[in-house]
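What follows is a pair of complexes built around chain A, which joins chain B in one and chain C in the other.
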Partner chain A sequence: MLLMQILLNGILLGGLYGLMALGMGLVWGVLNIVNLAHGAFIMMGGYAVYFLYTSAGIDPFAALPIAMLAMFLFGFAVQYGILNFIVRSALLNTLLITFGFDVVLTYVAQLLFSADLRTINPPYAGSNFGVLGLTVPVVRLGVFGVALGLALGLWLLLRMTRLGRAIRATAQNLIAARLYGVDPRLLYAVTFGLGAALAGAAGGLFGLVSQISPYVGATLTAKSFVIAIIGGLQNPLGAILGGIFIGIAEATSALYLSPTLVDVISFGLLVVILVTRPASSFRAA
Partner chain B sequence: MNRLLTTSLALALAAATTPAFAQSDTITLGAAVQLSGANANTGRYYRDAYQFTIDKINEKGGIQVGGKTYKFALKLYDSQSNEDLGMRQYVQLITQDKVSFLLGPFSSGDAMKDTSMAEKYEMVMVQGGGAAREIFTRNYKFIFGTLPPADNYFASTIDMIQKLEPKAKTVALVAADDSFDVSVAKGTREILKKTSLELVADQQYRENNADFSSILTLVKSKSPDVILWSGHPQEGINFVRQQKSLDVNAKILTSMTVGVPTADFRTALGADANYVYGMTPWLPNPQLKDKWFGDAAQFAKAYQDKFGYAPDYHAASAAADVETFAYALPAAGSLDQAKVRDAIAKVDFQSLYSHVKFDEVGQVSIPQTVIQIQNGKVVDVYTDKVLNKPIYPVPPWNKR
Partner chain C sequence: MTKSLPGLLLAASIAVVLATVPWWNNAVLLQFGINAVQLAVMAQAWNIIGGYTGSPSFGNSTFYGLGTYGTAITMVQFHQSFGLGLGVGALLAVIVALLVGIPILRLRGPYFAIATLGLAATVGAIFANLPIAGENIGLVLPLTRDEPLFYELSLGVLVLVTLTVLFIDRSRFGLGLIAIREDEDAAAVTGVNTTLFKVTALAISAFFTALVGGIHAYWITFVDPSSSFDPRLNVNMVIMAVFGGPGTVLGPVVGAFILSTISEVLASSISTAASLLFGIVIVLAVLFMPKGLVDLGYGFRRLGWRYFTETVRQYRL
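Take a look at the complex of A and B:
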C-alpha cells in the first residue's frame, strides 16, 4: 500500500515534470537551442498565474490560457527580435545568450516581486479524495490532467496541422522546408513562443503544488534538461513519460535509498542514457 | 568649460579626501550576506538589521574606544546564496577591503565555511546566522554566535508534549541534510532518548527539495502523535501544503524549527498556517530593554516602518551582533583583534534580542519559546510553563 501511494505520488508529480520539459524539448528539437532561461520562463508563468489569481480573482486553472498567451507573445518576441540572429551559430552562443536571459529575468523578478515566497492557494488546493485506500490530491490530479492534455495537444498540432508539419519539416531539413515556402524566421518564433507558452503553463501549475520565488528557475531548467533528454525530443508524449520516469525514480529513491541521492539518481540516469543511446536520436521533432 | 573642469576636479578631490578623513574614525564591519538567490528572503534580515543598528548607534553618537569617538560603517557583499562565493568575499573583506571586524552570513552551512576564513586570518567575527553546534566546537578562537545551539531547538517543544494532556507517545522526525538540520536532528535524537517517547520515523531529505510526498506517505503510515520538522522556510511551506493535500495529520501537533515566526510563512500559507507549532528565541517583547532602541517592541515597530516587513529573530540576532561590538570595543579600549576577542568573551549585556553572554565555545544559550499560529497570529505558548493557551491537540485537516 505504501509503495502504491508512493508510485501514485511519483506519477502525479512526473506529469508536471514532463510538462516542464515539453517546451524545452520542443525548442531544442526544432531550433537546436538549449534554452537555459526555460526555468525563468516557468517562473514568469508562475507569477502571471499568481497575480491573475490574487489580483484579478481568476481561478488558477482558468488563468492558465491567459498566462500561456502572454508567454507565447513574449517568447515569440524574444525569438523574432533577438535569438533569430544567432539561431544557426555555435551552440555555445545560444547557451550564453539564454543564460544571460536567465540572469536578467531572475534579477528583474527579484526587483519587481522581491524574494518573497508565493503560493497559488485556491480554497481547493489542499483537498483530496480516497480511492482503494490511496489518497489522491485533487490539485495534483488536475495538474497531471492538464499536463497530459497539453502534451496530447502539442502532439496533435505537430502531426495534424500545416503548422505542425512545417515545424517538423524545418527541424528535419531546413533547406527543403525553405524550398517549399516555409519562412524559418517566423516559424522559429512561433516554435519558441509555443515553448514559452508551455513553460508558462508549467509555472502556473508549479505554483499550485509548490511555490514561486525569483529563484526557482535554475533547478527547474536542470530538471527539464534531464527529462527532455530521457524522454527524447521526437515526441511530446515521450517528455511526459520521461517526466513520470523521473518522478517515480525520485519518489522511490527518496525513501528506499537515501534522500540525499535524489539528484544523483536523476543525473545518474541521464548519464546512463547518454552512454547507451545513439546521439542521433536527439535531433528532430 | 574651464570652470566645469575646476568644479569637477574640486569635487573629485573632495570625494577622494572625505573617506580618508572619515576612515580614521570609522570602524568598518564587513559581511557577505545572501541578498539574492534561494536564501534571499532570510538574508535580507541581516542586511537590514545590520544597517539599521549601525545607523542607530551612529545617530546616538557612536562609541568611545580608548578616548576616541568612532562611528560604525558597513561593508556588505551579496553572496548570491552561494557558499563558496561568500567564503571568497570574506577573504576579500579581510585582505583587500581591510575591514575592522566581521559580521556573519545567514545559515549554518555558510557560517561553517566563512568562520574558517575569519579564524585563519585571526579576525573577530560575531555572527547571528549559524546555529549548528559544530561551528563552535572546532576550537576556534575568534568566532562568536548569537543564535542558540541547533541541537537544542526542540528541547522546549519536547518538554511541552510530555507535560500537556494528552501526552504524546510517538514522534516522527523529518530533517534536511545541511549542517544546521543535521545538528538539529542529532540533538533531537539525543533528547528523545532521555524520554519515554518513541521515534517511529526518522527521515532525512535533500536540502532544497520541493517534494515531500514520499516522506509524508511514510510518516502517515506510522500515524505519529507528533511530527517534528526541520529545514529551510521555503521547504517548510511545501511541507505544510503537501501535508494537507495528502491528508497527513499528526495526532497532536506538527512543529517546525524555522519559518513559523516569519511573515512569509503566514502570507504564503494563509489559513493553512494556523495551528502549526514552531519556535523562536526571540519575540518583540517590551521587557527586553535595549540601550539604543529602548526595547524590543520599539525596535520591531521602527524596523517594520522602515523596511515594510516585520523582523523575526534573525533580525534581532543580527542587531545583537552589532551591539556586541558596541559593548566590547569600549571595554577592550583598543581595536586590536586579540584584545577585542577577549573583551567579547566577557560581554554580559541586556539587549533587544536577549541577554547576551557567550559560553566557553563562544555561543549564547537562549531557550526556545514554543510558538503557535493561532488565527493568523504568532502566539507564544510555552517555555518551561504555559504562557498563552495552546490549541492542543491540533484539529485534523478535515475538521478545520
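Take a look at the complex of A and C:
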C-alpha cells in the first residue's frame, strides 16, 4: 500500500515536472535555444501567483491565466528585443546569455522578495479524499489536472491552428517557412513567449505543492532539461510522460534508497538513457 | 609562428612579471592571484575540450573534484607527500576521463553538456558516501601557510597548460580537433579517428583541471563534496573561456583574468549588486562580442566600430 501511495504521489508530481519541461522543450525544439533561465521563469510565475493570491485575494488557480499572460509578454519582449540578435550564433552563446538572464532574474527576485521560502496556501490546501485506500490531496490532483490540460492545449495548438503549423514548419526548416510567409522574428518571439507562459503556469503550480525562493531556478532548469530530453522535443504529451517517469523514479528512490540521492537519480538515469539510446536518435538537435 | 611571435613574447613577459607577485608584499593581491590563476587554468583546460574540440563540457568540475579528493585522501588517509597526492589526483582524473569519455563523447551538443553535468553530480554523490573520503563532512588536510608556494605552483600549471594549448594549436592533433568541431562527420570521413582524438582531448583537459584541484585542496586545507563538485565552477570556467575567446591560445586566460578582476572589484565596491552586474556583463558580452575578446581585438583593428554592426548582422535572425 505504501508503494501504491508513493507511486500515486510520484505520478501527481510528475505531471507538474512535465509541464516544467514543456516550455523548455518547445523553445529548444523550435528555436534551438536551451534556455538556462527557464527555471528562473518558473520562479517568476510562482511569485506572480503568490502575490496575486496574498495581495489581491485571487484564487491561485484563477490567477494562473494572469501570470501566464504576463510571462508571455515578458518572454515575447526578451526574445524580440535581445535573443533575436544572437539566436543564429553558436549554441554556447545562447547558453551563456540565458545563464546571464538567470543570474539577473535571481538577483532581482532576491532584492524584491527577499530570500524567504514561500508557499501558496489556499484554504483548501490541506484537504484530501480517499480512493481505494489511497489518500489523494486535492491541490496535487488539481495541479496534475491543470498540467495535463495545458499539455493537451499546447498539443492542439500545434496541431490544429495556423500558428501551430507555422511553429512546426519553422522548427523543421526556417528558410522554407520564411518562403511561405512566416515572419521568423515575430514567430520566434511568440514561441519564446509561449514557453515563458508555460513556465509561468508551472511556477504557480510549483508554489502550491512546494516552496518558492529566488534560488529554485537552477535546480528546476536542470530538471526541466532532463525531462525534456527523456520526453523528447516533438510531442507535448511526451514531456508529461517523461515528467511522470522522473516523478515515479524520484519518489521510489526516496523510499528505497536515500532522500539525499533523489537529485542524483534523475541525472544518473539521464546519463544512462543518453548513453544507451542510439546516437542517431539525437542527431536532430 | 613568426606572425604571432610578438603576442607570445608579450605573454611570456607578463608571465614573468606575474611570477614576482609574491614579493609585492600584498596579501590580498596574492590571495586574489591564486584564485584568478587557478580559474585561468580551468578555463584554459576547458578550452581544449570545449574550445578546440567543440564538445561543451559542463562537467569539468568532476576532474577538479577528483584532483582535490585524490590529493586529500593520499595525504590524510595514507600520510603521503603533497607531490604524490597531486599525481594520484591527476591520474584518477585521467582514468575517469578515459573510462567515461568513450561512452559520453559519442553524444553531441547539449546532450553531451547535460551528460557531463550529470557526471559531476553523480561523482560528487559517490564521494559524499565514501567513508575513505570523509562522506558528507569531507577531509581536513595538514595546514601549510605558504601562499607564495601555492601561487607559484598554480602559475606554473597555467604556463604548462597554455604551452600545451599552444602546441595543440600548431599540431596535426589540434587540426583534427578543430575538424571535429567544425563538422564531426566530415572529419571522420577524412580519416580523423574522432573517438581517439576527443577522448585524448578530454583526458588532457582532465589532467590539468585535476592538478589545480589538488593545489586548491592543499591551499584551503579542506575538501568537501559540495565545494569540490560545485556546479558553479563549471559555469564559471565556461564563461571565462567563452568571454575571452574559445579555440584561441590566450583568449581563455585573458578572459579569466578580466572577469576575475571585474567580479572582485564589484564584490568589494558594491557587494550587494555584484552578481547583478556580473549577469549584465555576461549578457552584454555575448550580445556584442559573441566570438570573444580575442576576435573583438582583431576585428576592431580591422573594421573599427563597424565590427559590432557586422557581428550583429551575422547572427541576428
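Annotations for the structure displayed:
Simple rule for what comes next: the second predicted complex is superposed on the first by the 277 of 285 C-alpha atoms of A that agree within 3 Å, B and C clash if a C-alpha of one lies under 4 Å from a C-alpha of the other, contacts with A are read in each partner's own complex, and residues count from 1 in each chain.
What we mean here is this: contacts are C-beta pairs under 8 Å (C-beta built on N, C-alpha and C of every residue); 3 or more make two chains touch, one makes a residue touch a chain.
All of these numbers come straight from a predicted model, not from anything done at the bench.
When both complexes are overlaid on chain A, the residue A:Ser213 reaches chain B alone and has no touch with chain C. By the touch criterion defined above, A:Tyr107 reaches both chain B and chain C.
In the superposed pair of complexes, A:Thr119 makes contact with chain B only, with no contact to chain C. Once chain A of one complex is fitted onto chain A of the other, the partner contacts of A:Ile229 are limited to chain C, with no touch recorded for chain B.
Touch criterion met: A:Glu250 reaches chain B, while chain C stays clear of it. Using the contact criterion defined above for the overlaid structures, shared-chain residue A:Pro137 touches chain B, although it does not reach chain C. In the superposition on chain A, contact of A:Leu91 is made with chain C only, not with chain B. Shared interface residues of chain A (contacting chain B in one complex, chain C in the other): 106-107, 260, 263.
Within the complex, the chain B residues that touch chain A are 36-38, 40-41, 43-44, 81, 177, 203-206, 208-211, 213-215, 217-218, 220-221, 233-234, 237-238, 241-242, 244-247, 264, 267-270, 272, 397. Across the interface of their complex, chain B is touched by residues 1-2, 5-6, 9-10, 13, 106-107, 110, 114-119, 121, 125-128, 135, 137-140, 209-211, 213-215, 219, 250-252, 254-255, 258-260, 262-263 of chain A. The part of chain C that touches chain A in the complex is made up of residues 50, 56, 103-104, 106-111, 113-115, 117-119, 121-122, 125, 128, 231, 235, 238-239, 242, 246, 273, 275-276, 278-283, 285-287, 290, 312, 314-317.
Within the complex, the chain A residues that touch chain C are 28, 34, 82, 84-93, 95-97, 99-104, 106-108, 111, 184-185, 188, 218, 222, 225-226, 229, 260-261, 263-264, 267-268, 270-271, 274-275, 279, 282-283, 285.
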